[in-house]
Amino acid sequence: MILVWLIVILMAGGLLAWLSKKVSPELPRWVALGAILLDLILIVYLWISTEATTGSAWLIRYDIPWIPQWGVSFSLALDGLSLLMLLLTFFLGLLSVLISWKEIKTKVGFFHFNLLWVLAGIAGVFLTMDLFLFYFFWEVMLIPMYFLIGVWGHENRTYAAFKFFLFTQASGLLMLLAILGLYFIHGSEAGNYTFNYFELLNTPLTTDAARLLMFGFLAAFLVKLPVVPFHSWLPDAHSQAPTAGSVILAGLLLKTGAYGLLRFVVPLFPTAAVEFAPWAMLLGVIGILYGAIVAYSQTDLKRLVAYTSVSHMGFVILGVFAFNEWALQGVVMQMIAHGLSTGALFILAGFLYERLHTRDLAQMGGFWSKAPRMGVVALVFVMATLGLPGLGNFIAEFLTLVGSWQANNWLTVFATIGIVMATAYSLRIMQKVFYEPGPQQETFRDLNFREMLIAVPMVLGLLWLGLYPQPIIDMARPSITEQLQAYNMKEPTIAEPKTAVLQPEPEATINTNQLAINQRAFSNLQIIQSPN
Amino acid sequence: MEAALLLAGVLFMLGLISVLIRRNIIFMLISVEIMLNAAGLAFIVAGSKWVQPDGQVMFIFILTMAAAEVSVGLALILQIYHQLKTLDSDAANLMKG
Amino acid sequence: METAAPNYFLIIGGVLFVMLNVAAALIWVERRMLALWQDRYGPNRAGPFGLLIVAADSIKLFFKQDWVPPFADKPVFVLAPAIVVISVLLSFVVIPFAPGIIVADLNIGLLFFLAMSSMGAYSIILGGWSSNNKYSLLGAMRGAAQMISYEVFMGLALMGVVLMAGSFNLREIVEAQQGLWFFIPQILGFVIFFIAGIAETHRLPFDIPEAESELIAGFHSEYSGMKFGMFFIGEYMGITLISCMLVTLYFGGWLGPDFLPPIVWFIIKVVAFLMIFILLRASMPRPRYDQLMEYGWKILLPLTLVNLMVTAAVVLWLEG
Amino acid sequence: MDASEVNNVPLWPLLVYGAIVLSLVGVILGLSYVLGQRGKGRAMTEPYEGGIVSEGSARIRFSSQFYMVAMLFVIFDVETVFILSWAIAFRELGWYGYAGVAIFMVMLVVVLVYEWRMGALDFGPDGKKILAAYKRMQKPAF
Amino acid sequence: MSQTDFLYLMPLLILTFAVLISMLVIAAWRNHKIIYVITALSFIAAFGSLFELRTTTAYVIEPMFVIDGFGVFYIGMILLTSLLVSMLSYAYFEQREERKEEYYLLLVLATLGACVLVISTHFASLFLGLEILSISLYALIPYLRTRPRSDEAGIKYLILAAFSSAFMLFGMALVYFSTGTMVFSGLAQSIAGMQELPLLLLTGIGMILIGVGFKLGIVPFHMWTPDVYEGAPAPVTAFIATVSKGGVLGLLIRFFMEIDGFRYPVLVTILTIVAIASMFAGNLLALMQKNVKRILAYSSISHLGYILVAFMAGNQMGVEAITFYLVAYFITSVGAFGVVAMLSDKNSDAELLEDYKGLLWRRPWTAAVFSAMLLSLAGIPLTAGFVGKFYIIAAGINDQLWLLVVMLVLNSVIGLYYYIKIIAVMFQQPETEREPTIRLRPSIYVASAGTLAVLALLLVYVGVYPTGLVQLIQNVLVSVPEIVAK
């Protein structure tokens, strides 16, 4: 029931925020803040209270029938992965409210309504274990996001909002088709028509069907992620959205795609996923390199950051289709770390925009001396983006690369080049904005208290991820093993000769849980070992 | 029997063609009436083929409907003429797109 | 029924001959009678009692210029008078003058009559319209309105007879009056049909479409020569037709005591009605157009409906 | 409605009769065309409008009242069709059919009442109203 | 006919008497409010009478009607929709000079026609229902005589509808000629054994379908839709979009299911093409429009295309999906046009996109309702439209109609574009503050606003918790053997 509350609080909070505008123009901010804070507290409480129980991957489940005729249930479940994503969601949500405090001046009530509903949709996506409900939430988060971009965005907002909406909606509908296809195949094979994730997991599929259905799901997730040919909505949407919108887009919305890959594509269609893996990894590498190159050539700060997302998300797909625990752990870390770091960069861009009313890099420069606090914060953020050891992204990328190396050496090599390029564009930000002398600004305010309140937790979060990621890894492990288990146990014979990933080399296990995954080479990697 | 049906068909086609090529609204209305009556004729033919009164019953219904339609149609045409001073259907075609 | 097949050619020829001549004769009769009632002579020069005036008139009409005004719509202008003659003459087809003396004993005789009589409206509207004359058009519009209005009551009034006879066949209707002429149970229907009949033939006092004093002959202002003559003769044939219908439907047709042959009874009754028509012309003022129309719609129509329902109820009740 | 009955009555006399009538009319028109004199009068090419020189087109517009009559006719004449079909079979239908037609009639009457009240049956100007208006006009004079 | 027959036809009788009574009342005393109340009451009474005839088995009134669950449900749907439309009409017509009372009369009549349509099992009753509906619409569409485009819309609808009726009638005559029966089941029996339809019969059925297609406004018979939607008064447009099309659709389902037309590849192919063409034509043409009513008109064409996808499934699930979708579509359409009606002023309907600029800031609640309706049309979750579209896609996939389903999805995306466009317009800040037009006193709008609120709540309720409705639809379909059998 607590899971339902997580969503309901946000939705109700959204409505309340909208209505409370009548009472006072400032009230919506407080209502929104309160709602998200409440959720954050709840999720942290969940985190703390469930740490001890490590039996099953699933910590809490909640099931009530919704549309029994179609086998749709209101089914929520929480595992480590979801928990982490929710943590990220509410954390970034909280920051979004804070950064909008001064930035959003018009239609405050409606803004917070949309904000909270996006978060509710995202939370729903991370929680639901019913494919119908999943699609439902998948769509629910679009509309408010559309409004966030379309109403409070920058000059080209309508176009950007449209593009965002059409891309995601179109791909989402393909996913809907795939969901339905799966539903009917399962129904006709197993006799009971249901959208329940756990039951659909065991659907026997012919190769062709699996391939088609997987592409349906992939369409939605790859667009959302985004992977290179489908990325064109992202720079527009990110750069046009208000800061909070950008943060949520980059920090959370992209993660729903990654989450979908982890949660649905791999477990539901193991065979097809393995078949597709090389291509997917190739796409990932292309994304990494392309994103990095294009990012380097941007003059618009937010666009630059947007392209870094493309690049970083390449690691996600690379990792997901590497099919081993390192890679997957890397992916989870990447999701969280990137959520923080990119969110942070957008927040930075927002700060700059508030002061300069431009996102053009050419208009900036020399702020290091004028705003030292901002400079330091920015330095941390940028370093996180380029993957400096000690910060979260390093762990993530390192793990991913380690995992993918086992799967595909050459692609990993290229992906590593991407990291090098990340250094280039990241440093370019610092260079352009803070060091290089730029056009003279009369006054340039340093970060104030509220802004520090936003920036410091981010810095801390990034540092924590980099220095002590163990809790995250522990938390995610059961889920990851479960995903991998589904894939490894069910089809032991698939594609044996083709891919390196699949060679079963059961020697040691990371976890007490029974895994049959490949581990020989790195079994003593300490960060992965659970301390207890 | 088939010949009568053919006649109905020819009538129907005549009406159809003239609805399509006529530009005067009144004539279009008349052409539609011709089509309706062709249908009525076809019903009567069918009714007499099966020796049932049903065909004629349907014809009476058609008659009624045609009458009602014409009375509304005429009123509308009057109104259109009143406003546009023409009954050219192209001239009356203001809504486009 | 007669077993011997009737000689249809004889009947056809007889009906046509008689009707055309009756119509012509009626012109004379009317003029004589009007004169009588109005205390003057009437036509009295040509032949005995001026009887040859009819022949003189028709010869004159034939030799008159066959004038089609240049502003008229020519084909329609010519067609209009033809329609009136054709439709009225065709109506006689279904009238049973006597047992066996009927051109076509259609079982939808009554409907045939109604159909033909509605054709009359065409002749008026076409004639008036094609004349391209304001008065003609006015007359035509009025005439058409009047005729189609009274058409309704006429048809509905006849339904009373149909209910009682259970047939549309005029012969059967006459035979159904063996015991009692429908004139008695259907007195209301009779009156309505009579009035509607006058209106249908646009006879005085309902001669609104051609009212000389206001419309200078209305729809046939522009007509002359034989085309006018056809309108003219059509009107008299119309009177004859309505009289025949009245007799057939309400006054037992050829029925009558045996001392006279059926056809004679029929003729006597028809002539009586013809006289009444003429008498009406002599005695009634012409109502206004709106009075006429309102009278029809507001009084006759409800009455016909009442008549219909009462008749049906009574018939059903009587027959259990 | 019995199909066999129709066939008993020979239809050819009707056709012959019709043909004769048509040709008769044709002959009359033709004869008068052949026999009629030719010539042109002074005012023969103008419409005769009571001796007054015709002004403007004769295609004048009419009161919509006439169209109203047409519509009324259409409504009620078509109703007649239904009553006709009932009348021919009303013995077989009995009281049941009577009830049906009675309902039908009620509808007709309602329509009639409605039209009456709406003024659809008022042809021409309302004399009483004109009189009342006239009296109102006259009043200040007194 | 027996006494029970009358009981089963009670909704129709109630409507008929409502017409007569209102007519007399109008004759006696013209009063907008009274007629309005009579209309609303009669709809409610007719709806209430439906509860008397909830049957598990079909009740047949030979040979014209069958009152089964399907019919009762559709009648109920039609009645409720009409009720809602009439509720929305009061404020709309109150501010106009024309005689208002007859509008309700015609509305009830049209509803009656639609009700007859959905329970008919005979060509005659089909025709009667269709014509009662159509002829009322002929008068309803140009009801506001002084509006510039109303006559045009009226005459266009009249000529095309009569044209399509002629097609339909001729088709019926051909079918009758070939089979000697006009009852659907008789027709079904006589063609049950045929693998291929003879040409005459096929032509006949084809022409009937053409007629139906015209009324539904599907490609290639869609030309009238935008013009009529634009020219008709907003409540009437709502009525056309919902009741008129729903009634005809109900009939189509019954007819096609009964004769099992899905056996014939020719018909299936044609319908498939029509469905795809409707979706595309509707959506693509809607993209270019600047007039909200026209956009909604074109979107209705595509929605009919969507419905045809489920129709092509030709099984119980397809019918369920159509029915559900119709419910959703009814709610949505009435809501959308209700908003249009509510925003309309004395001189013109609020139909240009301009009229909606900044609506969200001027009238937030109205704009919110309108957005909800548009989102529902677009098939976005939390709305009834989403579940409906889901249902349709499910039905399509269940029957392996991949082509149609993919087209549907593609079109959904295109459709999104213009729905969102309208919403985007509502969010724009108007350049100039619009002068508020002189409006009636607020109390008059209570009915409209209330109706819109009810619709919005229904929309969300059905969107969030569709179980009840699905259950209901599945239950009522049980009594229709033709549908359940498949």
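Think of it as A, B, C, D and E in the order they're written, each chain with its own count starting at 1.
Simple rule for what comes next: contacts are C-beta pairs under 8 Å (C-beta built on N, C-alpha and C of every residue); 3 or more make two chains touch, one makes a residue touch a chain.
Keep in mind that what you see is a predicted model, and the values were worked out from it rather than measured.
Summarising the inter-chain layout, the chain whose CA centre lies farthest from the centre of chain A is C. Interface comparison, A-E against B-D: more C-beta pairs in contact at A-E.
Closest chain to the protein centre (all Cα atoms averaged), using per-chain Cα means: E. Taking each chain's centre as the mean of its C-alpha atoms, the one that lies farthest from the centre of chain E is C.
Taking each chain's centre as the mean of its C-alpha atoms, chain B lies 33 Å from chain C. The mean-CA centres of chain B and chain D are about 22 angstrom from one another, to the nearest whole unit.
Rounded to whole angstrom, the centroid-to-centroid distance between chain A and chain C, based on C-alpha atoms, equals 95 Å. Centres computed as Cα averages put chain A at a distance of 82 Å from chain D.
Taken residue by residue, chain E touches two or more other chains at no position, since every residue touches fewer. Residue numbers of chain A whose C-beta contacts span two or more other chains: none are found. Within chain C, no positions touching two or more other chains are listed.
Across the whole structure, chains are in contact as follows: A-E, B-D, B-E, C-D, D-E. Of all residues in chain C, only 8-9, 11-12, 15-16, 61-67, 69-71, 78, 82, 85-86, 89-90, 93, 103-107, 111, 131-137, 141, 144-145, 148-149, 151-152, 155-156, 159, 162-163, 166-168, 216, 221-222, 225-227, 229-230, 288-290, 293-294, 297-298, 301-302, 305, 308-309, 312-313, 315-316, 319 touch chain D in the complex they form.
Against chain B, the residues of chain E that register as touching in their complex are 123-124, 127-128, 131, 134-135, 138-139, 142, 145, 148-149, 151-155, 158-159, 162-163, 165-167, 169-170, 172-174, 176-177, 180, 182, 226-227, 230-231, 285, 288-289, 294. Interface of chain E with chain A (complex): residues 360-361, 375, 380-382, 386, 390, 393-394, 397-398, 405-406, 409-410, 412-413, 416-417, 420-421, 424, 427, 465-467, 470-471, 474. Interface of chain D with chain B (complex): residues 1, 3, 64, 67, 70-71, 74-75, 77-78, 81-82, 85.
In the complex of the two chains, the chain D residues touching chain E come out as 96, 106-107, 110-111, 113-114, 116-118.
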